[in-house]
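Note that the chains are named A, B, C, D and E in the order they appear, and that numbering of residues resets to 1 at the start of each chain.
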Amino acid sequence: MVKLITIRSKGKGVTKTSMGKFVEKRPGKVKITIFDYDATSFQERNVDGPEECVPPKEGTFRWINIDGIYDKELVEKVCANFKVHSLVVKDILNNETRPKADDSCEYICIIMKMLYLEKPGIIIEQLSMILGPNYIVTFQERVGDVFGPIRDQIRTGRGRLRKSGSDYLAYKLIDAVVDDYFVILDSMREKIEDIEEEVVMDPAPEMLTVMHLLKKELIYLRKVVWPARELVNDLQTSESPLIKETTVMFLKDIYFHIIRVVDTIEIIHDIVSDTLDIYLSSISVKTNAVMKVLTVIATIFIPLTFLVGIYGMNFKYMPELTEPWGYPLILGISITAAVTMLTYFWKKHWL
Amino acid sequence: MVKLITIRSKGKGVTKTSMGKFVEKRPGKVKITIFDYDATSFQERNVDGPEECVPPKEGTFRWINIDGIYDKELVEKVCANFKVHSLVVKDILNNETRPKADDSCEYICIIMKMLYLEKPGIIIEQLSMILGPNYIVTFQERVGDVFGPIRDQIRTGRGRLRKSGSDYLAYKLIDAVVDDYFVILDSMREKIEDIEEEVVMDPAPEMLTVMHLLKKELIYLRKVVWPARELVNDLQTSESPLIKETTVMFLKDIYFHIIRVVDTIEIIHDIVSDTLDIYLSSISVKTNAVMKVLTVIATIFIPLTFLVGIYGMNFKYMPELTEPWGYPLILGISITAAVTMLTYFWKKHWL
Amino acid sequence: MVKLITIRSKGKGVTKTSMGKFVEKRPGKVKITIFDYDATSFQERNVDGPEECVPPKEGTFRWINIDGIYDKELVEKVCANFKVHSLVVKDILNNETRPKADDSCEYICIIMKMLYLEKPGIIIEQLSMILGPNYIVTFQERVGDVFGPIRDQIRTGRGRLRKSGSDYLAYKLIDAVVDDYFVILDSMREKIEDIEEEVVMDPAPEMLTVMHLLKKELIYLRKVVWPARELVNDLQTSESPLIKETTVMFLKDIYFHIIRVVDTIEIIHDIVSDTLDIYLSSISVKTNAVMKVLTVIATIFIPLTFLVGIYGMNFKYMPELTEPWGYPLILGISITAAVTMLTYFWKKHWL
Amino acid sequence: MVKLITIRSKGKGVTKTSMGKFVEKRPGKVKITIFDYDATSFQERNVDGPEECVPPKEGTFRWINIDGIYDKELVEKVCANFKVHSLVVKDILNNETRPKADDSCEYICIIMKMLYLEKPGIIIEQLSMILGPNYIVTFQERVGDVFGPIRDQIRTGRGRLRKSGSDYLAYKLIDAVVDDYFVILDSMREKIEDIEEEVVMDPAPEMLTVMHLLKKELIYLRKVVWPARELVNDLQTSESPLIKETTVMFLKDIYFHIIRVVDTIEIIHDIVSDTLDIYLSSISVKTNAVMKVLTVIATIFIPLTFLVGIYGMNFKYMPELTEPWGYPLILGISITAAVTMLTYFWKKHWL
Amino acid sequence: MVKLITIRSKGKGVTKTSMGKFVEKRPGKVKITIFDYDATSFQERNVDGPEECVPPKEGTFRWINIDGIYDKELVEKVCANFKVHSLVVKDILNNETRPKADDSCEYICIIMKMLYLEKPGIIIEQLSMILGPNYIVTFQERVGDVFGPIRDQIRTGRGRLRKSGSDYLAYKLIDAVVDDYFVILDSMREKIEDIEEEVVMDPAPEMLTVMHLLKKELIYLRKVVWPARELVNDLQTSESPLIKETTVMFLKDIYFHIIRVVDTIEIIHDIVSDTLDIYLSSISVKTNAVMKVLTVIATIFIPLTFLVGIYGMNFKYMPELTEPWGYPLILGISITAAVTMLTYFWKKHWL
């Protein structure tokens, strides 16, 4: 069974405030990782508190990744270190914030959703990013992400990542998130294609469940992807000095990727809708076929049963009963009637 | 049962005029509350008449809240004190006015709808707000609102409310109204989620009623929320000197909240529509299954009943009747026919 | 029964030309009423011919109302007196002209539709208005309108009507027409609300007829109201010197009224559509329930009828027939089978 | 039966090229008619070849009408005489060109579709027009059009046609084409109105065919009318010196006519869609009613047939059979059961 | 059976990367063809490696066509020769790139989809084009295309192709691709027209399959054609010096062709949807007809069977049995009841 689940538990450990739902401090430890790098060197370390989460000195780049936004105080302290506005902090802490890019001169706050295909269904996780002139701070809801290859590129110095600025790192991170959307979409496409072929010939109620869940997931995916499209478009056309000319072309490339995601969502949605229509039509066709069988049988045998019922009556004075031709006549009538009926139904294409 | 009810009684106590429906004077007392505050002090009092409802002297802020717009004369007098245009007064008195923000240099008139989840359904109440340079006048249809926390902030002086101007108070009021929309939406979401899982397996007519009411409520919610979105956008992009630069960022935040409300309404609407489609398909599937049972039973036993009917006839000359193998033969034919039929239906997946 | 009827009779007394359908001269007299007024005095008179229908002398205002556009010559002569372009005259004569506002420097021609709720249905009547610097000429299809209160205001001098120019009078006329739309909408809303509650529980074919007629009426209403919205918007944003600055605010107010009319039409349309969906689902549910009853009865009794049919056969050699336990056994089997079946259906929720 | 037929025969006499489908030379003669006129005189003649199809001398106007675009060479020669671009010539020769107005300084090429209501259905014919400073060349697919009245106006000199330029003639031609659309729409409206009333009470399968054909025709009409709207709008807002200021007002008038055509198409489409929905609901209602009759009959008589079947058994030991109260008892049980059932169904509104 | 197949095999030989799916090197040889031509001469040759794939010397034009994008290295080397940006190279290598035109000063990269109608269904193949000042490089997925006539024009020197620049060649290539879309659409149109006429009278389940496949193909076609429309529009309105003024008119012509493709897709889509609706209605009508037959038969004969069952009972004391009028009476009642029922059903239009 497929299911859309977010990691928020219903009602428990969640504070409802004017800003939506805040994710509360959880037992699990928050994990902070700091990457310091420039074209020639790099350093990676895990820290415990918000004290070391500060902007780097000029000439080097810093990527701070924080797994766990449940620790409200920690997030607020880190944000204070980077002089982030209180409303932006609220957006980071609230994991239902709509994807968007907020440009406030000193930094750009980018909020996106990461999608994971875990056992019971799709998991939506919020990724918040503070993009400054030479640093990036990323906030995730939990440990585990799709940024492994990017970390490796920093570690090994392969590619242009270490040579380029923080905006290029932001591009790489967004790109990794968007590319991961295709994995979800491919799995959905396979699911509907499994059903599609059988739906005309052998429609089964389980297909209804799958189609319903697919439709529901698409509704949520749209909510995640449409604003992401605006987000990337905003970044690409933004005139912020934080995004260099050379990075704009890469953002434009992501933009085309997201459009393809949107296209694919619409295609899957249309196919699911069409399949549901075909399913309904198939059921009607099947019911019609069942009805025909019933009607053929009933139309042939119910009148004949009446006929033989007549001669099953116990009236004293029924002259036909004593005649030798009585029984063969009735049998003859029965067979003639049945054959006539069958011919009629054959002509009406009921058989 | 869910029901959308406004507090207007149908036909009674309502004057129909060219401006729509005016709410008439009712027995209940109108309640007027005045808050006078500045950064250091505050005063709260209830007054009886419109005489004290006048703009405050410079340097202090005043929030006048009037519960009850049935007293047309009182509202008109208060509005006259603040030099409000007669068309705006008509909009305030008419509780079917479309949400909007009217900027007329000296003041901005903001009209919104508050939603309450009361026993029989959702109640729509109009909130009108006159935002002046150092005052706000709010008109509500009845006593009881969601502004308790804001009043507490004024009383205790917590937060930046007392230090900021009337535009910040307006922001807080609009924010409280918009945040309350989420409560309604959460309750609707729960309702549809309750139905959703069962609809494929066990569709019941009560679900139809609930889905119909949800759809209807969503139609009305849209009518309330869509213009509210325009309203907040108008405020946020307005260049009125009444709204300070620092408040604009807060309004932008509300704007994103309202977009999320709009998104959520569309999501619930899509889910309800999909669920209705699935419901209809489920019913078709069930009818098809019922038909199959009927057809299987009828197809097996109706012909056999005819067969035994033949040998129930009382003809004198029916040679088979006297043969010892007659009865076993008929029994044999019956069992063979039944087994053949069952096999056939098994292959056709009817069983 | 509800029906959309226009006062045009089909084919008779109507000339088809390149401009649409002209309404021909009819036996009934055309009624011409002239109001001459200024801030201090007023004069009202009925005239017979077009000779007196001329622009007034400066400093006074004139409202000429012509009931009956069937008299083509008369309309043309009056229009000639006011130097109206021949295409505009054609629009006035053709009662299928789309609502619009034509600004041609010397005058603005406003064409709207008035809606009446008469016995067999809704009647659409065209109102054409020539708005000049100090005069208004209105053309109606027939006697009877919603302008009574406006005439009274001219007669009594109450309000600002006599003090204001012809553009304010135009506002009052348009406002009266638009406000009347709400009467139609309220009656439609009541009709659908009458049906709505019963549709799930007790769907009846009459509801289909009502819903179909409502949908059709809404289609025509949209055709009337949507262009009226553009019309009012055009007037409100027009920079014609014929519309004074002070009147623009009133036109803006009408604009919000029309938007509410549009909203209400969409709401009623959505509710009717939803109700039709629910109706169809309800019928499916009911058919399913009926099928279950039939299937339960047939499944229990058809096999048993076959069983008792066996022992109704007249074979000589049927050992069971002579045994004393034969009859009780058959009865026992029958009861057991029936109870088993009922239990099975009970578990399947068919009972 | 209604059918959308174009005069192109499938496959035969048609060359498929990169530009679409060219209509090939046919046996029938091409008919060329030339009108030379100015304010005081006119001359009408039929010519055989393209030689005389040249621009007129200054001060006079010329209208060349060519019926038959199958003669590719002739069309190309005429176009060469007027220096028409080769791409435009291709558009004229291809009768599937989308309606459009091409402004190329020296001339405007206008391509429209004429609709005829002939026996088996609607015929779409392409009209191409080359509008020059003092000439118009029109190309039609075949003899016969709606321009009779315009020819008469040139012949008699009535109206302003001969006094006005070629752009006014173009207006008259376009106007004649657009006005003819209403004839088609009126016939469609009548067809759907014939069905509408009966659809709830007496839905018949023939209605399905009519509705399907109407929907299909509307799809094609839209394809013809929507681009025609753009075309007229382009002309009306074009700043070409070929269209005089005085003609623009007339084009604006056509524009409103086309909008009415578009509105009417949408209205008919909506009514047909609604009627189809109602049709489907009606069929469901009728099926439900039929099912109820079947179920009532079966539920009453099938159990009773079983009951009497019991006492039709030939067991030796059936004590009831010999009792005098046996027969009346069974009759009594039967009548009681039937009455009970009928009462039950009456209460369930099944009767 | 129709099927949409792309030449990509699922999972095998395909590398999933952040850019989508790359097509891997395949055993088949890549085929490179170079056309060198100017107004007076031309040379055609096949080469093996990327070494000769370089820009031509000034004054001559070069068209390099590469069939097979599986050879990543080769494509990259060729692209390097023409200084193509690495992101553009990735787009060329990924055969799921969305159609688009990328203008980067030195060259324009045009990516389109070619459609082929091969046995099992429609095949989508990507065509990438690098348009430089005097060269064009085209990349295709496999050997075989629709450019035969264009090659012939280069070889023979017919038309303006050799005299015009590389932008005119690009126009010819795009035109060939777009015109080929009509072949696909014509085949789809024929398929739906085959079904359309029979769907009301004789709806068969196979039609469901065809309609479902048509709908799915239309969904994919849209995805191919809509961005192609933007692409051509971008080219036509681009101010790139690579596209000469004289070519713009030809691109405008393609633009109108693509709009016709879009229109046709929408028309086919609407017809398929309508046909599906009609299909569903037809099935309902047929089921209703079958139900009526069943109900008529059952309603007439089930009660009569009960009646004759009564007199088949073996009670000792059944006075009617011994009366001579008993049997004729029962026969009379039966015939009367049957005739009455038939009359009733006749009046209800069930027969």
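Of note:
Just so we're on the same page, a contact is a pair of C-beta atoms (placed from the backbone, for glycine too) under 8 Å apart; a residue touches a chain by one contact, two chains touch by 3 or more.
Please read these numbers as outputs of a predicted model, since none were measured by experiment.
Common partners of subunit B and subunit D, by the touch rule above, are C.
Rounded to the nearest 5, the angle that brings the Cα atoms of subunit B onto subunit C is 70°.
With centres set at the average Cα position, the gap from subunit A to subunit D is 42 Å.
One simple way to say how far apart two chains are is to compare their mean CA positions; for subunit A and subunit E this gives 26 Å. Residue positions of subunit B touching 2 or more other chains: 280, 284, 287, 291, 294, 298, 302, 305, 309, 312-314, 318. A ring topology is adopted by the chain contact network, closed into one cycle in which each chain touches exactly two others. Subunit B meets subunit C in the complex at residues 18, 20, 85, 87, 96-98, 100, 202-203, 205, 208-209, 211-212, 215-216, 219-220, 223, 276, 279-280, 283-284, 286-287, 290-291, 293-294, 297-298, 300-302, 304-305, 308-309, 311-314, 318, 320-324, 326-327, 330-331, 334. Partner subunit C is touched in their complex by these residues of subunit D: 175-176, 179, 182, 196, 199-200, 249-250, 253, 256, 259-260, 263, 267, 270-271, 274-275, 277-278, 280-282, 284-285, 287-288, 291-292, 294-295, 298-299, 302-303, 305-306, 309-310, 312-318, 349-350.
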